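Structure first, then comments.
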Amino acid sequence: MPSSAETDASGPAATTSSSAGAPRARRKVTPETVALAALVIVVLLALLGPLLSPYATDVPSGTPYLAPFSGGHWLGTDNLGFDVLTRVLAGTRISLFAALVVTGGSALLGLLIGAVAGFVGGWVDSLLMRITDLFLAFPATIVAMAIVAALGPSLRSSMIGIAIVWWPLYARIARGEIRRAAGSLHVEAARMSGTHGARLMLRHTVPTVMPTVLVTASLDIGGVIMTLAALAFIGLGSPAPSPELGLMSSAGMQYLLDSWWIPVFPAVAVGLLSLIFNYLGDGLRSVLRARGA
Amino acid sequence: GSTPGTTSTGSSDTTLNLAFLGAISTPDPDSAYDGYELNLVNSAYEGLLDYRPGQAEPKLVGRLATEWEANAGNTEFTFTLREGVTFHDGTPFNADAVKASFDRRVDVDAGPAYMVKGVKDVKIDGDYKVTVTLKSANSSFLDLLASPFGPKMISPAALKEHPWKGEDDNWFATHDAGTGPYTYTGFDPGVSYDLKTYTQYWGDEPGYQDVHFDVVSNMSTVQLQLKKGEVDGLIGYTDSSSFSSLKKVGNLEAYAFPSMQTPTLFVNPKSPELGDDTTRKEFVGGIDFPELTKLALGDTGTSTTQVFPQNLLPESVNQQKISYDEGALADLAGGALQGKTISCGYAESSSSGQALCDNLTAMLNKAGVKADSTGYAAGTYYSGLAKGAGAPDVTFFSGFPDTASPDAWGIVFYTPDGGLDLFGASVPGLADKLAEAATKDDDALYGDAASMVSESAYWYSVANSLGTAVFQKDVTGVEASWNPVITGVLQLASLSPSGD
Amino acid sequence: MLRFTLSRIGSLVIVLFALSVLIFVVSRFGGGDPVHAYVGGNASPDAIAAARTRLGLDQPVVVQYWDYLTRLLQGDLGLSLSTKRPVADELSSRLPATLELAVVTVILSIVIGLVLARAYSLRGRAGGIIRFVLFSAASAPAFLIATCGLLLFFGQLGWLPVAGRTSYGASSGLSGFYVLDGLLTGNILYAFDALKHLILPATAASLGPGVALARVLADGLDTSLRSGYARTARSLGETESQLLRRHGLRNAAGPVLSLLGVQIGMMLSSLVVVEQIFSWNGLGQYLVTAINAADTNSVATISLLLGAVYVVVNTLVDLGLAVLDPRVRLS
Amino acid sequence: MTAALSVASLSVNYTRTTAVDDVSFTIEPGQCFGLVGESGSGKSTIGLAVQGLLTDLRGVTTHGTVTVAGTPLDPSKETGWRGVRGHRVTTVFQDPMSSLDPTMTIGRLLGLVAGSTAESTRWLEEVEIREPATVLRSYPHQLSGGMRQRVMIALALARRPSLLIADEPTTALDVSVQAQILKLLSREREQLGCGVLFITHDLGVARAVCDEVAVLREGKIVEHGSTAVTLENPQNPYTQRLVASRLTLHSDRGRPVGLPEATVVASMAEARGIQDADLERQWTEGSLRWSDFRAEDEGGPRAGAPALELAKVKKSFSTGGFGRRHRKDVLHDVNLRVGTRESVALVGESGSGKSTILRIAAGLEQPDTGDVVVDRRRGEGVQVIFQDAGASLTPWLTVRSLLMERLGNTVTGAGLDRSQREAHLRTALERVALPASVLDAKPAGLSGGQRQRVAIARAVVVPPSLLLCDEPTSALDVSLACSVLNLLNLLRHDLGLPMLFVTHDLAAARVIADRVVVISQGAIVESVPSDDLGAAITSDYGRRLLDAVLS
């Protein structure tokens, strides 16, 4: 069924108006537009964060464990006396960037591999899918850890490590649908009209999976942030005072009962980011659907 | 037993419900070498000697030995054994058990095997007298026997029936055949463990009939369970912030006991930043350790000025030689450490290590020295630190000696052959000095060694850790149950419900 | 069909073999040292060296690998270096624990998926609210959801247990699935208690996958409800809900099933957090402990086990796809 | 007596087009009402509107009232249609492939409507399906186009509706079956007493079954009356034109068929190098002969290296769902040869393997045994016009990108700049009588016939070296079919383009092909020259086809 954006578009059609012209789409505030606006605000805040806050992210700026709205700290201070707001703002930037790069990169890689496998078929398919299976069958954390350990611990290596364990998901999803699309008449027709190879694949099969891949990717943003945190937590990400949201929230969990603000605000930031992307993914999906139909 | 009705959680007067924050390794008395599992092992087994519980000054007391005596050269030790003791399988305890138990420890050959490896011969003289001869002199042999990890007496009958065939077929991993006040009854690895009173126990009857351990992997859950009274106690595990918050809960009593556990700063001798002697000394001198202790350890540690753990040596000979210089870090920031980053590594499993690293990092950053802090999984910590120039520049490690003797600490921590000299730092002449001190058992020589350690600035003993325990107010006897050496292990038989 | 089965068994073998090789490479790269896991924290260098020899860790990796493989082929999973008990014993209680949680999680994910996919098609406020709630829940980090559940349902309300699988000790039943065991032995109380222990962990673990499934399902339904055959069905007088059941779900199920297959494969990663928070003594917790302790034997065995589960699940998924869509040929 | 259907001032607007404009008509019970008109005139849209099926489309506005068997209903609202749609009104849709659920066996689908397997089998037999048991087990993609259509008809009849909408029900069928189906429809109509809204572009068919016809053009009814009167004596110029375009076995195959049409005239004039006006005059006078076109100078069909040769080709498929597969032989030792300049028509009943031969020739399907040789000496390759044109267009690409893509892939196209290519596209569209506005449309926004023409335009935007056509004209109205035939004939004569043309319309086959090859149950049974088709055809099936055209 159409998502809300489409529902709105079909709204006027259901009412029997007297005008014979094309229906005028009523502009309405949808969750997707709100999400888009929110994303803009979040990005701006993250970029301007360092300018907005009087504190540094890695130097104590108050007594530890200050509650929110006390001593000039809107979101309180953490166990080391760092200002939580400053770190959440800085963390948003790092995590947003990292998550986007990782999700985008792995979605692209997975899409490509899945598409090639599904499109070419035969032994290429078997080989690529066995490799994919291998990665999927392997507990992701272990692979990521090995890669990061091999590259040397840093945020960059964690990003690479996670992208490498994340792409198979997309490859699997893409491959099935591409496989089906590759057998359809319109692909045969395009092949007959002289389009071959990569072009045939990209133009005539890949668009079928785009909505699914995009939707999945948008949903993964939060997961990627948390996985980055998991790696950072076992010493494979950037080291401690670096303000990463996931790391701050998971490391802060031990203070939850007494100083809830230490883990909760970073976690809320993670949640907010992925909520925004959830809605954006939804919006994107309906746009793509509407264009594809 | 899976019938509802035999409820095993919830407070009752005869069952003590305790929480473990994670699975423990095998409670086999000859391979247990981690800590927490000793709560089981030392309830079911007893050694010949023990340290008197509940007092910081280490004092040997007899357990299954009633009298003991060393010859002048510290090579021959004679023990008179307690009579009327039976093992849990009914076998009477006598001199045969001593030899069988020592032999098994060598057979198993796990970490604590070294304690009896020096034994040349166990001579039996009647049922209740044994003489142990060592291959070479060891002034701290008695301490080894009293160590929490020390050799335990095991029923010879059980040993015969279940000879050591390797870990994959080890009856003792889930059963016990000791003389202690409790026996293992339930053993669901990683889920729960149960102890039950041994009715024929020679000593005082324990205060609780049963002890039930639940493995709970989440600190918040334990805190809630403690508050709600679903769990009677938690031994060890608490970091300073949860400790201080539990302290405030009305129905709970939070205990902090002295121990020999000593969080220590280790400096990497191959560090590109701190390898240089003057920089290192200036750096260590620039750290405000009392402040660091206060921030990182809170109520769970007290700042120290000693080098070896407290109570091992007279305080007068055991003093740090590096003194605090308030401006040193700022100088370094503008000088030798300009543009460099100090990295502090800690074992992820150590909450004090993390707190110390994080706070040190913050302190350094504040002084203008760039620093960061990285956690290592237990399996990568030791090998990570062994990477020379690629390893972190500093680490905090919270160790304790196996026994209350200075050589169990000095050799282990301060010489590359010792096992816990994490970065492999080596001070010329120090190993010889320690060896000499050990053979002569001379405090003054240990004092010299302490000065060498301190002056090298490769190590700095930050604080005395306090062993923590949190119990419901109606659990009594906690003060009489702690060990002067180790934290996280209590003598469970001393605990009793307040009604008693 | 026979060819398909054979090729799948072949692929299982290949995946497992490659996995086992990878594990050894990884354990080499990983930088951990299993000896410390084995001897404990206070061991002397002598003890460490002795243990290293005993465990064969002083051998070249290839030799170690060969040893491991030959033992494995004889059905010997080796020893957990950190707990010093046979890995097989360690797994015997943990595997059913995780499977039970996983099965319930998958079922819940599917339910959430269906409900939310339906909410997509609901016009007006109700659908919007359901979507918002589920989106928010799926967006929040799993541990936050789990911990909030813990604080609310255990800490505040005291309705649900939050630690372990049962209040009554291990089940005496055969399957190791406590709920099932309780039912089979006629001990309804036990089954009910086990079910209560499952609620929070399964909910926390299923929100993410559930929402993901819903998205893909809604997408597929959207396509299929606008297709020519949907038009035919409507023209034959089928109501929207018949249409959904007879044609919509089936046609949309392909990608959903693929995703589910992958999700089940990856479920362990998400269960790690949940098992940790709810003290669920399953594979996830064990894996984390083993990784942390560089307990290579256990890590290798769990990985192989998971690999096998993954391949089996995905074989079922492929079969399912072929059953659902006759145009897909098994190969 | 209440009318089976009465439509009052129905109008339908899509986002861009007005598809139906103030249409009113009434169908009495037992009456067959024909709706004829060119492709895109709004026939199918009316069919959807009278079942209330436009409500779930986006961007559609509908006005007017539809009264089904006395119940007035609002086609713009969903309310009230339940219990009517699918019970009192049922439909046979135009596009049989996409109209059947690919994941359901025919048995299941039909079972939902018919009730029991016995009933289902009976209905399949009713629509002349030969092996009902096999078909019940099959999935839609395992059936030939004609069989799918018959299944659709069975589905629609099984509910015994009071109004049957038949949207080009026989378009995909071969003539003999078509006659049977039409007879069947008439019989059922009499038995059930239902009204039939019969949508077709085939005047012959309309004449055969309809009591009354309405001629639709651009959404408006331009002429309306009893069939006999309207089609014998058309008043409206458009209807006249349609009638004049009918092909028979006597049509002169040496010259363009039907009436001159501006776009076709223009391209022919260009090919001959003369003025449009002159050409149009020659055409009407009847002096314009294909032999006037250049390529004919070099002689007719010749021996030598054939453009396509199939030797002893065998092919079998497996049918049945997962776990219960059966093999089915589709082609037995097929030998077929298309000479360098030859045009061959392949006729045969539905399911005889025509499309399969074409797919093998195109290289889309591999024969089990036998050889396939395609002469690839000339540059632009083999082109195929698929039977299911709708499905052969990539749904998310615009017509422009589809055509541009083909153009860009050819040697000719590669040498052109942007504006030249654009011009090329427009010419190609003009040739198939599509407005330039469809360039920016996607396949879903086109009518069935429009999609078919886009597919043709793509195939001939640059003339290929061998053209394979699978019933390219069956979805088109007569006048359009004529222009397509003329277009293909022009290409063939002008360029000497070899062609294999699958059809079940003997009249069309005769016009387009030098030789007609008859295939029956997977084997070639005869090959006769087009010139004396009527006399030479001897095979059973051939005679039946002939009879169907003559009647």
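Quick notes
When the chains are written out, they are named A, B, C and D in that same order, and each has its own residue count from 1.
What we mean here is this: a contact is a pair of C-beta atoms (placed from the backbone, for glycine too) under 8 Å apart; a residue touches a chain by one contact, two chains touch by 3 or more.
Since the model is a prediction, treat every value here as computed from it, not as a measurement.
Counting C-beta pairs in contact, the pair that comes out ahead of the other among A-B and A-C is A-C. Centre-to-centre spacing of chain A and chain B amounts to 45 Å, using the average Cα coordinate of each chain. In this assembly, the C-alpha centroid of chain B lies 88 Å from the C-alpha centroid of chain D. As a whole-number value, the distance joining the C-alpha centres of chain A and chain C reads 22 Å. We define each chain's centre as the mean of its Cα atoms; on that basis chain B and chain C are separated by 37 Å. Chain contacts: chain A has residues 2, 234, 253, 256-257, 293 touching two or more partner chains.
Residues of chain D found to touch two or more other chains are absent. Looking at chain B, one finds that residues 220, 224, 348, 377, 380 touch two or more other chains. Contact annotation for chain pairs lists A-B, A-C, A-D, B-C, C-D, with touch applied as defined. Every residue of chain A that touches chain B in the complex is listed here, in rising order: 56, 58-60, 64-65, 79-82, 153, 233-235, 238-242, 253-259.
If you check the complex, the residues on chain B that touch chain A are 219-220, 223-224, 239, 241-242, 245, 295, 343, 345, 348, 351, 355, 357-359, 361-362, 365-366, 371-377, 380.
Within the complex, the chain C residues that touch chain B are 30-34, 36-37, 39-48, 50-51, 54, 78-79, 82-86, 89-90, 93-94, 147, 150-151, 154-155, 158, 162-173, 181, 187, 189-190, 193, 275-279, 281, 285-286, 289, 291-295.
In the complex of the two chains, the chain D residues touching chain C come out as 48, 51, 53, 56, 82-87, 89-91, 93, 95, 97-105, 112-113, 139, 141-142, 152, 155-156, 159, 321-323.
In the complex of the two chains, the chain B residues touching chain C come out as 1-9, 22-23, 25-26, 28, 31-35, 109-111, 113-114, 149, 167-168, 170, 173, 186, 188-192, 214-218, 220-221, 224-225, 228, 348-349, 377-384, 399, 402, 412, 417-420.
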